[in-house]
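In this document, chain identifiers A, B and C correspond to the written order of the chains, with residue numbering beginning at 1 in each.
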Amino acid sequence: MHPKGWLFFRIMIYNDPQLAHTLQVILEFLGTFAFAISGIRHAAQKHFDWFGGYVCGFAVAIGGGTIRDSMLGVRPFWMTDIMYVLCTALALLLVILSRKWIKRLSNAWFVFDTLGLALFTIAGIQKTLALGHPFWVAIIMGCITGVAGGVIRDVLLNNVPVIFHKEIYAVASVTGGIVYWALFSLGLSLPWVVVITFLTVSIIRFVAVGYHISLPTLHAEDEKK
Amino acid sequence: MHPKGWLFFRIMIYNDPQLAHTLQVILEFLGTFAFAISGIRHAAQKHFDWFGGYVCGFAVAIGGGTIRDSMLGVRPFWMTDIMYVLCTALALLLVILSRKWIKRLSNAWFVFDTLGLALFTIAGIQKTLALGHPFWVAIIMGCITGVAGGVIRDVLLNNVPVIFHKEIYAVASVTGGIVYWALFSLGLSLPWVVVITFLTVSIIRFVAVGYHISLPTLHAEDEKK
Amino acid sequence: MHPKGWLFFRIMIYNDPQLAHTLQVILEFLGTFAFAISGIRHAAQKHFDWFGGYVCGFAVAIGGGTIRDSMLGVRPFWMTDIMYVLCTALALLLVILSRKWIKRLSNAWFVFDTLGLALFTIAGIQKTLALGHPFWVAIIMGCITGVAGGVIRDVLLNNVPVIFHKEIYAVASVTGGIVYWALFSLGLSLPWVVVITFLTVSIIRFVAVGYHISLPTLHAEDEKK
């Protein structure tokens, strides 16, 4: 990354907490929107009706965080902010109005989806730590926050969950969680921990997709090696 | 509806709370029973064994309310009343003893199922409001209470959830929720709000099935419009 | 069972609580391990990647107890002990390193899996009773603890849950629960209640598999009887 980029982050975070907060809100909206779009597009492949599309979009957008909050014993995050409901409705409207436009922007959805994965991973880790759980629980919760919505989507669509046999996705989240833990343990200041974790998750995902890197596959016992 | 019908409701609710309560208990039993029957009949289509049939029936009967209660952070409703466990057992017994009889009564199950949808929607809304949540959360919870059990059934049966691509079902519940909110906001007295919401959900469902009305379908991006 | 076996149990439980605890820890590890192996082997049949295999293994190992704890409103048991995470990792490592070895030990996994079913059933019952719920809730929770993980596995693999249409499995757990309740109500001392319940669940499972006993199947309504 260009040195000016680092400078930008540094100024932003240390000198302007308002800007940092605004950036987070924008990222959260883009991530939620991309997650919802992902659910609705998959639903369209199976000819779901509008309601089915909405539910799939909403499930991707809020599913991971809801499972996390349920395990942590706190109120699901989306129940206190109508943004997630409206954001999914907006995504459904766009898919209904212009399939072509949605398709043409595929790369944008991919980028937003990745930023969402990174952001939701960090949000999951921080919420879990704030409730007093150990780091290994936080890493698992970060991963659940980022990826479980997509698993629910695939279950609702009667597909085999794509994150279990395709590109690297969940591993980017888990690696980000380990990086967060390592940097935090080394005493790095929180803004840097967050920024480096965010970049780690995003870069792993971009590189994995760009170079078609995937995890090794398990083999059935009667197969030849 | 015939004026005498309205009169009946009016007398019943204002003059005889005991009768209103009895009616609610009867409706809840019929709804639970119809939901359980629905799960067991679907399980029979896939040649599940008795235990599988029981679990599917129970899942439809209590699944939606259990997800709602889990999100609301309260004890699942069925854990304090053995009625739901016994009602499902009775439904299983009937399906085992007489398939013909069960099939001949298909229309009755459809009516009870619709009454159950209406009742469980209202129950979900009222429980959510009682816990201090805003109305938009209550409408979502009402819908979850009414329809999520059927989604769990379809997931357990490895089917695509039928409410995502067939007749109008969930939309009747959501519309009922909006009607509840509108009438409540207008200051109508609670019994009337409940009765009109109940009729709204039921009538939408009956009309949708009677006239084969369904929601528009989403299309995959490579399809022609 | 040989009289010396009973004597062994009696001495162990009454005279040496430390030994009883050690035995329980060993059984819990073996059961968790066998459950994880079951998830990973099923995932391998569908060519999941390592991450997918891990998630399936973990889901079987902790899924039932997590649903139980979520319904009981307490913190999921695995969040306070890293053993389950590590045990699943060890199982994954073994499956990756030696498919042949895993296959050759199929009988051992079957035995451990059955011991796990018995142990987790009892653990579920006791936890539910300790929280003040009635016995019928405890029996359901015992069954959920023992079998729901396998259902989650099958849902994630996009299979029809095997316990709904194959050998007797859940029924062994429920029967164990009823035996527990009956003996407890008769005033038998707790160690004996536990041991007899444990043997009941295990023996029913062993006999059912050994003699290919299964529950009757439901039939679709248009089939001939």
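The definition used in the following text is that a residue touches a chain if its C-beta (ideal position, glycine included) is under 8 Å from a C-beta of that chain, and two chains touch if they have at least 3 such contacts.
Note that the coordinates shown come from a computational prediction; the quantities given were computed from them, not determined experimentally.
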Turning angle required so that chain A lies on chain C, C-alpha fit (0 to 180°, nearest 5): 120
For the homomeric pair chain A and chain B, should the interface be classed as same or different, according to whether the shared residue numbers exceed half of all numbers used? different
Between chain B and chain A, distance of the C-alpha-averaged centres to the nearest whole Å: 33
Quick one: which residues in chain A touch 2 or more of the other chains? 70, 73, 155, 158
In the complex, the residues of chain C that touch chain A are 40-41, 43-53, 55-56, 66, 70, 73, 75-76, 79, 82, 85, 95-96, 99-100, 102-103, 155-158
Provide the residue numbers of chain B that touch chain A in the complex, in ascending order. 70-71, 73, 133-134, 136-137, 140, 151, 155, 158-161, 163-165, 170-171, 214-221, 225
